[in-house]
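Dropping the structures in below, format is structure tokens.
Two complexes follow with subunit A in common, the first pairing it with subunit B and the second with subunit C.
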Partner chain A sequence: MTKNSGASPQDNQQQDHEPHDQRDPRHALNSLNKSLDKATRMVTQGLVKGFGNERWQSLTIPLLAIFLSLLTISVVILIFGNNPFDVFRGLLAGAGWWPKENYGGGQSQLTDLVGLATTLTPLLFGALGVVVALRAGLFNIGVAGQMILAAFLATVLVGYSDMTAWLARPLVFLIAIAVGALAGALIGFLKYRFNIHEVVSSIMLNNIFMLTVSYFITSSHQDPVSRNMRAASADARLLTEPVQLGEASARLPVGFLLALIMAFLLWFFLTKTKQGFEMTAVGKSPKAAQYAGIKIGRTVIVAMAISGAMGGLAGVTHYMASVPSIAPGVLPGVGFDAIAVAFLGNAHPLGAILASTLIATLVSGATYMSSIVGVRQEIAALITGMILLFTACGGYLRSWLDVKKRSLADANANTDDNATKGGDDA
Partner chain B sequence: MAEQEILLEVKGVTKRFPGIVACDDVSLDIRKGEIYALLGENGAGKSTLASMIFGLYQPDEGQIFMRGKEAQIDSPNEAVALDIGMVHQHFKLISNYTVTQNIILGDEPKKRALGIFPYVDIKNAEKRIEELSKEYGLEVDPSAVISDLGVSVQQRVEILKMLYRDAELLIFDEPTAMLTPQEIESLLQIIKNLRDQGKTVIFITHKLDEVMEVCDRCAILVRGKLVDVSETKNTSPAELAAKMVGRDINFSAKRPTKAIGKTVLEVQDLRVEDSSGFPKVNDVSFEIRAGEIFAIAGVSGSGQTELADAVAGLTKVKKGSIRLNDCDLAKLNVRKRCESGIAYIPEDRQSVGLVLDFSLDQNLALKSYYQAPFCTSSLLNPTAFAERAEKLIEDFDIRCARGCKTTTREMSGGNQQKAIVGREIDQDADLLIFVQPTRGLDIGAIMAIRERILDERDKGKAILLISLELDEVMDLADTIGVMYAGQMLKVAPASTLTTNKVGEYMMGVTEND
Partner chain C sequence: MSILNVNYAAILVDGLSFALPLLIIAIGGIYSERSGIVNLALEGLLGFGAFAGALFVASTVGLFATGSDLPMYLSFAFAALGGALFAVIHAVLCIKFMANQVISGVVINILSVALTGFLTSTINATFFGEASERFMLQTSPRWDIPFLMEIPIIGAAFTRVYPFMFIILIVATFFWYLLYKTKFGLRVRAAGDNPQALDAAGVNVSRVRFGAVVISGALAGIGGMSFAYSISTNFSPAIYMGYGFLAIAALIFGNWRIVPTFAACLVFGLTRSAAFQLLPVFDASAAVIDLAMTAPFVVTLLLLAFFGRSNKAPRALGELYDKSKR
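== the complex of A and B ==
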């Protein structure tokens, strides 16, 4: 709504501009300026009205960021000569939110949604890991390394054995939690004991874990055909046997529900428990936390252990479900997308659910969109990038709205009738 | 010398900040070639006045004349153009630049190589800086990197920065606050050199001995008002101290102690060092008894806050013992000390005393959130938080827009302070440590908090009060300890000390003993 009311007077004026120009350029310029002013004022007013309420800003600001990025990307798509709505519909259809025109054998909108859930699960786990660390004032960039280490060990220890699914899958989760927690706690320990910044140590550990794992894969666990790690047994993989869904069938991601439950558990932990209170206090003001008698070192290590455990869960749900196995020498992009998702979700566990759904939609809808609209599928990555760019400006948007809100309040007090006139024209 | 021409004249300058008049109708004139001291306690308006001369603030009323002409100094750049320079208390140097780079920054000598390519002429600048440093006796290596230099050398760089810009009037804002005695000695020599070379100096300080040593005249500010201007040679430190403390506050709720009980806190030979091993608290011993207010007076940075932190367990103790109710605290962490009966109102209420982004009820439970009723088997109980908060809001008259759910950051400083005081008093501890409890508060809040302190004393608590406000110390204390440069210079019952006497000890004057 804000977009239309803002753009239309502006466009009209530019069309009017030409004939006026020949008669009296100065007059035309004046009236152009005037209506430009009016237009910007109306856009500002609309934005302030819609997004100025501080209570809801943790929700409305990311929405505004997403809206702005879609607006920007639409321009890019238009330049390519395509209809942006086709692109968006293609993405939604590919991810299962919108019916496709026709489905292949054994596929349906439902199976597409299952595929989305499979992509979403590791992203959500990873984002939760980043969120917990952020709450304690730490920046865990090490999700990728925690993922690869946990998935490798779970595959070697359980995936290559012949345990039944009922034993293997819980064991995979337990190993992921234990390995991830240790890897995360190490970062916390290095920070507490040696004052090594967690960003530095987690980036280093990413490479150490990835290269060590790659060494063991190439030396003893490599699949001769795919050059990746040999895949885990079907019983250990975190996808069920194909389940009949109407006429179609799909393998359901085992970790999906766990990820959703984990998001709620973490929300509860961070807001309703003693330890969560301590973690938040340390994150918001370490000095005050120390003054209150909170043990900073222990809190930091525990926070990083939980964060790492989430990273480990992201690892097994990624490498043992949504992709076949680990590719040596490559850090998983999910581990870094998770950081973005955490910020997009306002560093809130429940926000992470929404944010990871959005990003996973873009990822899993890209191929289909590309095939029916004929736009390269990288446009989906471009949209993701654009959303993150605008999300990163969230603080700026917030303060901009704040300033505009105050100046509008002043202006309204002074020139009340001018403002209402502007409103009537629309 | 008296009939020298006047370089700078300040006429009727007033500067108001919300809730406070920092400078109240101040007029003074500074003669060319003199060292002029601005003397006053913390918050007397010295720095505000200097900042207006240097263009950092604009006066609300009054005028400033430079060389007889009215000057509208809207920014430091204009001050520099008028040949005014200032050395701030906290240096403004870029630590990974060299001395020369720092000095020429903003006024770089540009040259063109081959007549085309512009570059900064470091070489000539270095030569010029070397000449300047020789001329004024400021030993500095122009090519040294700032981060490798000590505090006193950095200060010399700041002075050179002014000289490089041909400053004629040099303002020093508490230049000795961060220096050791030897360094102070050499700085004072430098300042004398500057005067002898024809520069004019404004010297801001609250240390009397420095004024006596180098200054020609000195102006005394008390609460923003100019009280007196005198020739240094015609006055004495005691006289200056009396004027500087200038009591005119009408607080007189002095109540004598009811009964002093057994020893609660006993500190012996306490030594606290900063990270570089410099002693901030140096062999301090004292004891506080139940029903006694032990107030520590001293200028800022004398080691009082470190002392309080050490007792509360926030700083490592190098040497000595702290005993509470005959129980050694050395092995106890912050929380254990708190539980064994120490309440602490820290100096920095915003970054230490509160988590500003927490709601008020969370902050009011910051020290007890882990105990029943706030927390049972690891689960927090929001109702208990709210109930306790409502009670404290009522009892301590904490004003907040949205009740106990107000984000603490949105509250005024006074109400933040009331929240901390309320939380700490509510702990019912045996020892209460108040550091600067009324700083920056309006008179009503000050009264309320002072009343509370006296009430707690009358309940038989031991109170350690640390304040930079001499009035507060004099009005509340039963026993006064004066700290100077980390040492406890004097401990005596309040009734045996006069304000002037305490003022002298605060400045490190002990010769009259």
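== the complex of A and C ==
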């Protein structure tokens, strides 16, 4: 990255200091053209050097997408009269990566990091759900609905009882997995049996689940003050008792380690087991998979069940840890951010860990940034959107780099003084 | 309250006022998908269109005489423009950058929600000096159509109608004609079914597809603006209610053809308004509205389950056009 971003300003400077005939405008234009050509060539060369290596492209291309989106967002922030670096520093500070100016009582940078882990957990679970489905060639945008349904049932069945924490918390996880898996399998079943595209059915089910849950909340489980669902008991919630961290104390998210372990388990499942291989095969080419004797229908339903189970886990770790309870009438944004995370992480379980850290940083840093810098916190969602936009162009960038790499190799194979002519390849 | 004094006229009018915006969005989807570009971006396009229209209304307050309906009509033009501009992103991503069309659609949706949310509150704070995340619109006038409203039973559909319903009927008829009766329409349909043949006939496939996607954005924008007037009389992020996806379900159910899609939209609209009017008869609590709102989604799923199997998508839908492929 440093190579090409450094190259073009240097080049422009050279052009400014170049002595040329002031009286002949054509000459000036000519030399300007030449140096522009040279600049584009150097940028191209830099890009190919930095991003042309196929082995690292699954890492370097998302990095480039992130850089480009931050660049674009900086322009937007500048237009509204703020300093982009203040915004980025505010986001990092809010998420605990950077020290804040001052901390309230019982808080520290460490508690902010714990808060980040709490936000990250449902995002990672959700993204893992999207990743499993993507591997099987399915697009699960039903994570939001699976989340809300699982969290609602877990709260009603366990959260309102007086079970001890050792019984309640495992039960919450089990209910989440079971409910989510059923809700996910339903989408797979509708696709396999009735040929309903999973995108359409999961959108319909999202709304059906959300509205039905919201009906039950407003009719019988509403908290009179917050208007949200009555919160689950502390023993059922997925946060530990306050733990002392230096001078500050925080409640640790119970699901965080589980989410990390799940990412590795899924990576193992998808890449090292027969079932996982069959799933990938169905995703790559259903016809070839069927010819090889893989049962398509079963694979689709199983993939969606696993995906839904992850969605359910995302639901309980969101509504029973990250936020107090379910707000009626709203689908959780996490369910859609999870899609962004999955794509950004290259549809890879381990990539999802890195990507969810980034998106969770944006989400949990937004409020603090907004209070310090005064830029609306929606900018965080905008950054996510821009990153996705540039990630979507990743495939094009790859083929572009491939073409450029070959043409540069050709140019280098020719004589060296030919290089000045090679500039017209932009 | 008994089943006898339910307002049946309201079922018809409300049903139509929901079905028609859905129809125009679905026609937009049909254009894009018939040209071979999957369009899951309708939700984002309708939202951005409504944003553009509402921004026009909010920024021209005071320029027009009070009570004038002109800004309302103009807002539909700006909504179409906004939707079309935003659709350019989808077209560029899918056609020029060869992005996965499903992913691109999702990206557009996420970007649209984020961008309109950010811009609405920032513009309100920076230029209008108020902390609000919505642009207010003036209430749309509602017309009683003389003579037609006196017809028994169906006459109810001609009382208290929104002007946008006529705008949509006119625009929809025009785009029906364009798709089925003109050279351009034939090219759009060919681009989605057999792009190689279209190319062989000397037509630029990418350009046809680009045009179709931009049209889909404009039409979705008009639909979004209608929802902004009929459902909430303002623009806020609450406009993203999943209606764009409902339009996709309608067009799949209508087999990618305009007239059957209209029928599907009518079914959704009437189910929705009937549920709104009828459910309170059985359950008087306010919460029941939520249950009523599930009706169109449940009906969609059931209809797709029973009738969706025979559907045939355009043959080249979702495929990149590659000249060298046969």
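Basically, the second predicted complex is superposed on the first by the 392 of 426 C-alpha atoms of A that agree within 3 Å, B and C clash if a C-alpha of one lies under 4 Å from a C-alpha of the other, contacts with A are read in each partner's own complex, and residues count from 1 in each chain.
Keep in mind that, in the parts below, a contact is a pair of C-beta atoms (placed from the backbone, for glycine too) under 8 Å apart; a residue touches a chain by one contact, two chains touch by 3 or more.
Because the structure is predicted, anything quoted here is derived from the model rather than measured.
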For A:T212, select first, second, both or neither according to whether it touches subunit B, subunit C, the two together, or no partner. second
Which superposed partner A:F194 touches (first subunit B, second subunit C, both, neither): second
Touching A:T367 in the superposition: subunit B (first), subunit C (second), both, neither? neither
Which touches a greater number of subunit A residues, subunit B or subunit C? C
Who does A:L382 touch here: subunit B (first), subunit C (second), both, or neither? second
Touching A:T40 in the superposition: subunit B (first), subunit C (second), both, neither? neither
Quick one: is A:C393 in contact with subunit B, with subunit C, with both, or with neither? Answer first, second, both or neither. second
Is A:K284 touching anything from subunit B or subunit C once the two structures are fitted on A? First, second, both or neither. first
In the complex with subunit A, residue positions of subunit C that touch it: 40, 89, 93, 96-100, 102-104, 106-107, 110-111, 113-115, 117-118, 121-122, 125-126, 242, 245, 248-249, 252, 285-288, 290-291, 293-294, 297-298, 300-301, 304-305, 308-309, 311
So in the complex, the part of subunit A that touches subunit B is made up of which residues? 272-275, 277, 280-281, 284-285, 287-295
Per the touch rule above, subunit A residues touching subunit C in the complex are 80, 139, 141, 190, 194-197, 199-201, 203-208, 211-212, 214-215, 218-219, 328-329, 336, 339-340, 343, 376, 378-379, 381-382, 384-386, 388-389, 392-393, 395-396, 399
Contact footprint of subunit A on subunit B as seen in their complex: 312, 314, 333-336, 338, 344, 346, 348, 351-358, 362, 366-367, 369-370, 375, 378-380
